[in-house]
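Please go over the structures that come below.
Shared chain: chain A. Partners: chain B in the first complex, chain C in the second.
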Partner chain A sequence: MRRGFGLGIAALAVLLLYPIFPVLDIGVEAAVGVPPRLDRQLVSIFIFAILALALNLQVGYAGLLQLGIAAFFAIGAFTTGVLTVEKYPFQIGFWGAILAAPLCAGLAGLALGAPTIRLRGDYLAIVTLGFGEVVRVVLLNLENITDGPRGLNPIPAPWLPAWLPGADAVDVTGRRQFLTMYYVALGLLALLVVVFHTLERSRLGRSLVALREDELVSACMGLSPSRTKLVAFAGGAAIAGLAGALYATNLTTTAEPNTYDFNTSIMVLCCLIIGGLGSLRGALLGALVLVGFDNVVSPLVTRLIQRGSDGSGGVLLTFSNWRWIIFGTALVLMMRFRPEGLWPSSRLKRELHQHE
Partner chain B sequence: MSESLLEVDKLTMRFGGLTAVGDVDLRVQPGEIFAVIGPNGAGKTTVFNAITGIYEPTSGAIRLEGRDLRAPLRRAHFAWWSLTGLLVGAFLMLFAANVDQLWSAVVKQNVKQNVGGTGFDAGEAWRDWVAYARAEPRVERRTGRYFIVSLDGATTLGVARTPEEAEVKRATAARAPAPRAASARARRVRLVVLLLGLALGAAGGFAVWRQTRRTPASVASRGIARTFQNIRLFQQMSVLENVLVGLDRAEPGRASGAINALAPPAALGGGIVLLVAALRTGASPALAGALLPTIVAGALCYAAWIFHLGAFSRRGVTRDAAARTSALALLDFVGLAPKTDALSRNLAYGDQRRLEIARALATRPRLLLLDEPAAGMNPTETVALMKLIRDIRDAGTTVLLIEHHMRVVMGISDRIAVLEYGRKIAEGTPEEIRENPKVISAYLGKEDMG
Partner chain C sequence: MITIIQQLVIGLTNGMVFALIALGYTMVYGILELINFAHGDLFMLASFLALTLVGVMDLQSAGPASIAGALVLIVALCAVFAATLNWTVDRVVYRPLRNAPKLAPLVSAIGVSFVFMNLGLFWGGLPMDVFGGGAAAAAPKAFPDLVSNENLLGIDAALRITLKDVVAFASSFAVMAALYLFVRHSRLGKAMRATAQNPTAARLMGIDVDRVVGATFAIGGALAGFAAVVYGLYFNTIHYQIGYQNGLYAFTAAVLGGIGNILGAVLGGLVIGVVRAFSDQYVGAQWQPAVLFGVLILILVFRPSGILGANVREKV
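Our next item is the complex of A and B:
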């Protein structure tokens, strides 16, 4: 645990300094000749890491198979959109939105959780999958509110107090917006890591694990399974909504509702499986590996490949077109050789290797 | 006869056509060790499951200290059902009223027309909302003129130059026969939908209440704990953690209870205050400063949620330390103190049984149900177990146990009930049971006299 603490502090320090000293960017640019813009991609990695933590609460800790996390992500993003864009009268700004978005998403989580409280395993998976699709289609069709496929934009940049250096200047390069989002996302991620770290050792954390291991026995200990499930559902949904608020503000648009489709849910689930279900560090690692691969490695490899070619054979030479094949293969290999994930929690490792 | 701790009255459990338990009466006195015995399949575990709320009895009553284990009907329940009904009704009404159109009429129309002008006109939005809610024609302002439009906004019913003129024309239009019929129809549809939702929600609330009047969790918190015939530990948890799970419900800190109760409404309230404040001020980016206090209030409410996890507060930490101390005391009591940090599934069989008992005791029960605690134990372990059960009784917990091991049953029980084919055939002290011919024939079979 002490080692983990040291590692966490070191990672936080590196990430805090990274936008100022983007060493990797400089190194990669020197070697390949293309700047990977890793610092900008880190913001999406942080956001997906928050999303992965949200899903980890539901799938990892409580054992509720949730396949519709993108719905809550979308609800967070569109709440932020409606409450901040100039065309609507609310305009509560980013700081209000990061409070309101988790609230709305959490309420949606409660509304979905309450009637499905007795479902388990595959049945819950089907319901949540359906919910994810319903939310996406509803957002597409409420055209007067969400602007349908166009999405709500522009979402204004976060308001900063005047005493911050450069807060009043016009943000031509987008550098200020980037730095704000970078540090806000990093700060929230760090806060959530601390919260989940303590959660694992708290009574709520224990009742979640008890629920996952044996629902009936946990009930006979006086821990109401429905309450625990609702907490997991609402909490996970609220955190996903927070990620949605960050995502929309970072993009300055809610993007079209189809961005929040089933693929997104599965992608987040993949982060967990690759990193290790029920493992805090695993979820972070999974988001880093998967989103990093998607947003940093694959464009870079594409550039490298295409630099050597004459530009023919375009589709096959675009490396990012291979991503689903690579994800799928990686998942199959993980399931075969390392089902507990790359960096599992000690508890789940035991669960999966009981018979050895 | 003193007041019984547990009263089971004419308990009947039917599964389809099979009567697993029929008309069983049990009276367990405080401070005794009461055993239920009987051949395999006699329905002993079924009785346990019915008592602990895992099964809902087909008929019969179960009372602890004279009070029914089922939660009584309170006036608050009616409030909850109505609230659920209202929520479902309101939600369905959003469909019937077409939320997309509603938004367009109330929010969008009143912003669009004012771009570069006076901003959002809250008063006009309110009037549009009322008109929409009444399903009447409403006024829309476009390019400086006032249009009276139908409910769906598709038909223009009139044009006016001033707001006063528009209001007069609107009132006239609303009284015209065709729009009146249309709005009456729309209102009827909405009312039906609201009532439908109300009925649906209230019925759902009632059904849920009926099914959850007695749940394993509620029975456990009333003071009945149990162990299982096939040991069911939390296998991946350490010995200590298993006991801590048991303690979690039984010893909630007072502070944590208050935060539990206050944090969710506080967070909800904070969020609502925030939204209302934002609506009222019709904030522009310049007004973000004015919103700051509400935002801070909302943030504090979320902080209360996080605080609710308990791990950050000093009270939470001391409470955890206290729980740890009680857990260690319990483990010491059952003789597992040296194995606190072992993984529970790595324990020896007899130790697993003891751990299950410790975990059940951690819920601070008044009545402890043990389902075949001596099954699979060797003679030494059995003797130790008998002592443990006596110690539990002497510490003030009444024990009700199922057991096949006759030495255990006869050695420790104050009274014994015998079940056969789901019926109680005898009850009494060990001596009486030993001599009872019915019991002997149930166990050994009757000699066929031809």
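Our next item is the complex of A and C:
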């Protein structure tokens, strides 16, 4: 694991320095004429990676096929909204919200998981999917509380403690606000990576994997299947809620509830499958590939395709219209030819290829 | 009182459409224990084919006699199209995964569903009059009102039953009855029931299990193709995302009736149709998905075997 550790430290160092020396931006700007603002995309990638880690805990480690992760993402975002916007008296600010959002989402996960965790795999998938839809519709229709399709805003940026240098200076360009968001997201992601790395080697992590592989045998060895799974389910929900709080703060709005639909849930699952289910590094790679595709590659390709045409566009010429075909095909091909993902954990790889 | 009866009529007719789709889910699940996520989107693609054919045959301006003939042809073509597509997907995507962990075919089915949905989006961009010239690919498409919408009970009657209702209900009923007799009495139907009960034993008795599974996908697809035409005629709007929502409602129906059970799927479809009609009337249409998925969650938690399903233990 020494090599992985070195790689992690190197990646962290690059990410820490990137907003100060945005080398890639300069290169791409020279090539296409528009800066892609990669540092802003990186924040989205960090947030999405946290969401992917949450789902990885549920699907990858515990083997609970959950198709409604967007619901907990939404609960986190809207908890943040209700607790911070001016419309309500709470206004606990960012730091309070990133504690409250995971708490609410985790409780929701507990409430959904407690009666359903014993259901067989595919039924649990449908229950979570249904829950995702129920949450979205409820958020959309409770306009008195959530402002319906408009979403709650403006959500305040994270404030800095007064003892930090420059914390009280006027932030004209929004640069300091952006940097705060960047480093908070990166810091939380790094923290979670360390937590999950430890979890994989802990008693809980091992029992989860044992349950995923053979529930009957693990139960005979004295593990309590439903309690262990419930911990993973609620934990994943809480982390998704944290991602929701960051997402809403980064956008300064909860956005409309339809943002948190079934497609979002599937996209997160897609991350894991492309990167490798149950693989920590795979989840990070998956988030990078997916968000990178949606926010960086896809607009660039569209620009390149349409450069020659008259600009009217046409549905086939907009590259983002192909994303479902691309990700759908990716899911099918991965399941057929590389079910362990692009960057799997070594244990899973051995398991899936033991017959060869 | 009249409102209740009216909602019951609407609900039962809607329910027939859900039942037709639910049959495709339940038959495949009964044999493979696979939730065929792509089934709803298959239904959606068939509805786009139906609208394309309506445009090609220029039916908006045709007389009633030629419409009746053309509809039979459209139903046949849509059924064949959906059956072939479903069979092909099984052959190419799911069959190689028969011995893989259960998650693999399920995730593949989600992938296929996304591909289908995207194809539907592109299909809506075809430059045809019925697709609004193809300018807005993602916009809902109007399906022309080919069957009379006049009240059969007289213009002033309080209760409204149209020819459309009767055609949708009766034709769906006929198709389901035929399916039931087929599964009950034909040789292939018997083989299907045997395979659903125990694939290994069926194989040992000389049943070609792969052929039976292929036939199941084809029949389920044909039903979805038929349902697509009924849906278009009845609801008059199609959209590239109808597959997702109606597919899930139909799946709810299949689970409600007891998944794997053909009569159960029909019963479940009717119940879901009625629940949907009443929730639209008394709760509000904007709450429809929440009500129906709430029902789904409650069924799965409290009675996962459904109304007609036997309480089967999961195979270890």
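One rule holds for everything that comes next: the second predicted complex is superposed on the first by the 345 of 356 C-alpha atoms of A that agree within 3 Å, B and C clash if a C-alpha of one lies under 4 Å from a C-alpha of the other, contacts with A are read in each partner's own complex, and residues count from 1 in each chain.
By our rule, contacts are C-beta pairs under 8 Å (C-beta built on N, C-alpha and C of every residue); 3 or more make two chains touch, one makes a residue touch a chain.
Note that this is a predicted model, so its numbers are computed, not measured.
Asker: Label the relationship between chain B and chain C on chain A in the superposed model as either fit or clash.
Answerer: Overlaying the two complexes on chain A (C-alpha atoms) leaves chain C and chain B fitting together cleanly.
Asker: Looking at the overlay, does A:Val127 come into contact with chain B only (first), chain C only (second), both, or neither?
Answerer: A:Val127 sits against chain C, while chain B stays out of touch.
Asker: Applying the document's definition of touch, where does A:Ile305 land relative to chain B and chain C: first, second, both, or neither?
Answerer: neither
Asker: Looking at the overlay, does A:Leu216 come into contact with chain B only (first), chain C only (second), both, or neither?
Answerer: both
Asker: Considering only the touch criterion stated at the top, classify A:Ile266 as touching first (chain B), second (chain C), both, or neither.
Answerer: In the superposed model, A:Ile266 contacts chain C only, not chain B.
Asker: Once both structures sit on chain A, report the angle chain B, chain A, chain C from C-alpha centres, rounded to the nearest 10 degrees.
Answerer: Computed angle, apex chain A: 80 degrees.
Asker: Please indicate which partner A:Leu24 is in contact with in the superposed arrangement: first for chain B, second for chain C, both, or neither.
Answerer: Touch status of A:Leu24: no partner.
Asker: Which holds for A:Asn144: it touches chain B only (first), chain C only (second), both, or neither?
Answerer: First partner only.
Asker: Between chain B and chain C, what is the tightest CA to CA spacing in Å in the combined model?
Answerer: 10
Asker: Under the contact definition given at the top, report the residues of chain A touching chain B in one complex and chain C in the other.
Answerer: Of chain A, residues 141, 216 contact chain B in one complex and chain C in the other.
Asker: What does chain C use to touch chain A in their complex?
Answerer: Those residues of chain C that touch chain A are 33, 35, 93, 96-97, 100-108, 110-119, 121-122, 124-125, 134, 137-138, 244, 248, 251-252, 255, 286-287, 289-290, 293-294, 296-297, 300-301, 304, 314, 316.
Asker: Which residues of chain A touch chain C once you look at their complex with the stated criterion?
Answerer: Interface residues on the chain A side: 65, 115-116, 119-123, 125-127, 129-131, 133-134, 136-138, 140-141, 216, 262, 266, 269, 273, 314-316, 321-325, 327-332, 335-336, 339.
Asker: Could you please specify the touching residues of chain B with respect to chain A in the complex?
Answerer: 52, 54, 99-101, 103-104, 107-108, 110-112, 119-120, 122, 125, 212, 215-218, 220-221, 225-226, 228, 232-237, 241, 244-246, 248-250, 267-268, 270-271, 274-275, 278-279, 282-285, 287-288, 291, 294-295, 298-299, 302, 306, 309-312, 316, 320, 323, 343, 345, 359, 362-363
Asker: Where on chain A is chain B touching in the complex?
Answerer: For chain A paired with chain B, touching residues are 83, 87-93, 95-96, 99-100, 102-103, 141-145, 156, 159, 195, 198-199, 201-204, 206-207, 209-210, 213-214, 216-226, 347-348, 350-351, 354.
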